[in-house]
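The next block holds one structure in the form of structure tokens; read it before the comments.
Should a chain be cited, it is by its letter among A, B, C and D, assigned in written order, with residues numbered from 1 in that chain.
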Amino acid sequence: MIFDTLSSFLGNEIIAGIIVACLPLFLVILPYAIAAVLAERKVSAYMQDRIGPNRTGFHGVLQPVADVVKLMLKEDIVASNVDKPLFNIAPLLVFTGSYAAFAAIPFTSIFIGTKLDLGLIYILAVSSFVVAGILMGGWSSNNKYSLIGAMRSAAQIISYEIPTFLVVVTIIIITGTTNLTVLSDYQTSYFWNWMILGGPSLGVVKFLLIPFMIVGFVIIYISTLAEVNRVPFDIPEAESELVAGFHTEYSGMKFAMFFLAEYANMFAVSALIATVFFGGYQSPFGYLGNLMGIKWLIPLEQLFWFSVKGLFFVFVQMWLRWTLPRLRVDQLMTVCWKYLIPFAFVNLLIVGLLVVL
Amino acid sequence: MKQYFLDTWSSIWTVLVGMKITFKHLFTPSVTIQYPEVKVELPERARHRLYVNMDDCIGCDQCARACPVSCITIDTVKSVAGEDLGKTSNGKKKVLWVTKFDIDFAKCCCCQLCVFPCPTECIKMTPVYEFSEYERENLIYSFSTLTPAEVAEKKKNFEKAEAEKAAAKAAAAAAPKPAPAAKPAPAVSKPKEENPNT
Amino acid sequence: MALKTEEMVLNMGPQHPSTHGVLRLQVELDGELVIGVRPYVGYLHRCFEKHAEAMTYPQVIPYVDRLDYLTAMNNELSYVNACEKLMGIEVPERVQYIRVIMAELNRIASHLIALGTYGLDIGAFTPFLYCFIDRERILSLFEMTCGARMLYNYIWIGGLSHDLHPDFVRLTREFTQQFRPHIVSLNNLLSYNKIFIERTANVGVLPLDVAVNYGITGPMLRASGMEWDLRKNEPYAVYDRFDFDIPVGKGTVGTVGDCWDRYFVRVLEMEQSVNIIEQALNQLPEGDVFSAIPKRVKPPEGTIYARTENPKGELGFFIVSNGSVNPYRVKVRPPSFINLAVIDAISKGCLVADLIAILGSIDIVLGEVDR
Amino acid sequence: MKTPEEIFEILKAAFGDAIIELNTKSPFEKVIIADPLKVKDISLFLRDNEALDFDSLVVLSGVDDANGEKVEEEDGYKSIKGGTLSIFYHLESIALKHKLTLKVSVPRENGEAESVESVWRSADWQEREVFDLLGIKFLNHPDLRRILMPEDWEAGHPLRKDYRNPEFYQGMKVPY
């Protein structure tokens, strides 16, 4: 929709395409990443009875800016004996993976990169692109810690794709669509219509679905947590064992790319969960714009609710990070293969049966 | 099988318990002290930088000997008869010119062992803890109140007195039974505070 | 045709987040499996024993502080205990009680660091800072008493450098009361956390016979199931007057002598220390703390080995006196040094992450390992 | 529970000349002096004899006796020639609650003692430490390297009373 407007305004599809492609970066990812970096530090600080950064600007609001400036001014160290092409391309690849996911995320009913019919599957597919970058970075660094970290990461991300996908399939069975906009619209604008509460269809099935939806939500939350390498599944970075894991040898902007990708990924998966289970951009209580008859207010409200839901899940990710210890690599696999996947399968079967009934 | 579900449940439950604890801490006031603006009030026994009150120091070298890291160096010159060095605050008469009293705070380990043997309680720990420097040499604090010129003068006086004493001794040894009144000391006495520089 | 593989040698440290200082572990890895560990120590060697030969007996005390800098009070108590036995000094009761209170407070402080950093090794950052909040309060109590927060030089041969501050008893009582709930909260946050248990239970099991053969002492030995505590077995100071238990590892969530047991024994010991402190505060007699300090420390000729229970294990001083004011030889039996030697034996066949867990559960301080 | 005298009698009966004397000079502990080249057998006996049962080596410490002849070198530095270095073994039986101090003396130059590492594993690092700081060689020790000092420290063994600092270590001036 934005693309159509812009291309007719500029008269050039390519320029319009580039501008539209950049929009999520400048409108969403950068401001969000800056806020998230600050939020992470503040959340951790308050959870640990500290204050956190508070020297740069009011309560440290300029801290991320200072961080970015510091990272940009930092010397870009490339250790000797690294595999240079791979070493340089790895952070880009990681960032591309998480950035591409934003193309299909419906921020509002009108602001979406592309209304892909396969949106749900596209996000999952493209965000595991990250693993190639991590593996490249870890391998090319010529560092044993990086190598171990990268190996762990590859195994982890690939394994946790499965439970994520099984839960997504559960949703697809109920809704019959993988288009995220359609999925959001399906859960109309009241919270009892959210998928976590059984979806909008009335009747006994809705109430029967609720516990299984909650189980599905827990499973997908845990497995996406693992996919974005957050505690308790941050074993690729595991700073107490592997120093910094796959990005041990990176510094300056290349490190910033990994960092940005991590935060972007966090939001991407949170947004996915919000869309799938919590009504996406839909308001939980109906729209003020509808009530007051101001049509242009609705997209803004939608953006607000979407951000609130997405950021809440990001906050929970941070909350978990500052609460939990880290799993061991074999336990990570145990959790995935022995707990999450069986539960997800059983869940899938029961939901399928319920839907058929 | 039962164990399997128990494990699953206990994992989720203990995670939630932990989350509750950290969530509570989100609202407890922070314990951080904003250092340069806010400073902790140190207790009166706090031991940080040493301070020497040179008016009371008698140059007995006891603190230097007590120091386990040898960070105190003291040089003294004996006063010659007739020089009045004054008294310490607890009434001890001073007999030594303390020409050098250096404490190297780069070495000092703040163990307080030098404070206790001091007979006049002139060396003590103070709660001053901000005295970092860019150069190590600047951490050597010189407490002696005498200027180099004065030190040289005192040394000269002492050597002169020694020489005269030795001469008198030699004279006494040479003369079989000399009169004991041949003390030359009063001859060198002169106004002490007459410093040409000031 | 079998693929040719070879082991990877990973140098962990001397600069590494989890080696608790400058320790180098040369780890032989097969994938993530640890085949062998070879610790290299000595990066922090400061010649304590050589220094001590050049010092007088009281001058050694500031150096003793710096052995295990987290438990300076206990180190002082141990050294002073040896010197007093050597000289045959009877110490006033009040001094003994104050020493016990200080040593136990410092034991809590040391265990708090051990537990906090253990959480850090496992990946939980927050408990570490909660532990530090309590530790800071203990350090403030010390600062109020003797003016220093870490290296106290407080316990002297025959006495103490200062009497207690008038507010000390009140503030310590306040602390002990508020500290008990914090232990419960720490347990809920970390000790009973399923992930933490999974990470530590059945990991690095140290059987009792191996422990004894390796000379392991302190919480590590107790975690392997032996009720061995010098405070009970060979009471020094006035430890025989207090009622406390020796916590031992029971294998509650795994095997006896695993990492979780070693961790949890320390938690239980903190509770016992709080008990001891409260009893000591109640019994604290009046008196002069300076009366028995000798003017000149010049012990008779002879050799003595005296030991006390440090938070890390048995800290002993073997002093050879030749009758002069300087000790002829001061040999330390550093608990961390001897406990660390066991790491190769108990970490074979575990994963890299377990190696960190095992190292953390040994609770070493490199200041003491290297001296 | 056995007194040092009883233990001395038992050992004397079992080993004869390898047990040299019971030294009671120190008022705080009685020391059994043994032969440094038989100390492993004695240790094994002490550990495995049911009446003794010394299952733990508490501490193993080396001491420079400095009882040799003091020789002044050209630059005025006094070094010690001859005499002995000693090793003290403080043993303890956890079950029987008795203690023992064993001492062996080895010559200062090329002193050798038997390693007790195979008897009590805790001796492993402690023997390395004694080797490092005093220069006593332990026979049959599996891994006798320097432990606290740098591996390439060439200036000798620092805990000897006549140790002198080297002027340079790896091209760096030592008292900086």
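Just so it is clear, a contact is a pair of C-beta atoms (placed from the backbone, for glycine too) under 8 Å apart; a residue touches a chain by one contact, two chains touch by 3 or more.
Everything numeric here is computed off the predicted structure, so don't read it as measured data.
J.: Farthest chain from chain C, going by the mean of C-alpha atoms per chain?
T.: That would be chain A.
J.: In whole angstrom, what separates the CA-based centres of chain A and chain C?
T.: Using C-alpha averages as centres, the distance is 44 Å.
J.: Mind checking the centre-to-centre distance between chain B and chain C? Centres are C-alpha means, answer in whole Å.
T.: Chain centroid spacing, chain B to chain C, equals 33 Å.
J.: Cα centroid separation between chain C and chain D, in whole Å?
T.: The mean C-alpha positions of chain C and chain D differ by 26 Å.
J.: Could you grab the centroid distance between chain B and chain D? Build each centroid from C-alpha atoms only and quote it in angstrom.
T.: 42
J.: Can you list the chain B residues in contact with two or more other chains?
T.: In chain B, 15, 18, 21-22, 25, 31 touch at least two other chains.
J.: At least two partner chains per residue is the criterion; list those residues in chain D.
T.: None at all.
J.: Check each residue of chain A and list the ones that touch at least two other chains.
T.: Residues 47-50, 322-324 of chain A each touch two or more of the other chains.
J.: Tell me, which pairs of chains are in touch?
T.: A-B, A-C, B-C, C-D
J.: Give every residue of chain C touching chain B within the complex, in rising order.
T.: Result: residues 55, 58-63, 126, 130, 133, 136, 143-148, 151, 153, 161-162, 165, 185, 188-190, 192-195 of chain C touch chain B.
J.: Note which residues of chain A are touching chain C in the complex, please.
T.: On the chain A side, the touching residues are 44, 47-50, 144-145, 148, 231-232, 234-235, 238-243, 322-331.
J.: Which of the residues in chain A end up touching chain B in this complex?
T.: Touching chain B from chain A are residues 43, 45-51, 54, 218, 319-320, 322-324, 339, 343.
J.: Any idea which chain B residues touch chain C in the complex?
T.: Those in contact with chain C are residues 7, 10-11, 13-15, 17-18, 21-22, 25, 31, 42-43, 45-47, 66-69, 109-113, 116, 125.
J.: Once bound in the complex, which stretches of chain C touch chain D?
T.: Contacts found on chain C: 41-42, 45, 47, 49-50, 85-86, 210, 212-216, 226, 228, 233, 300-305, 307, 314, 316, 318, 320, 328-329, 331, 333, 337-338, 340-342, 345, 370-371.
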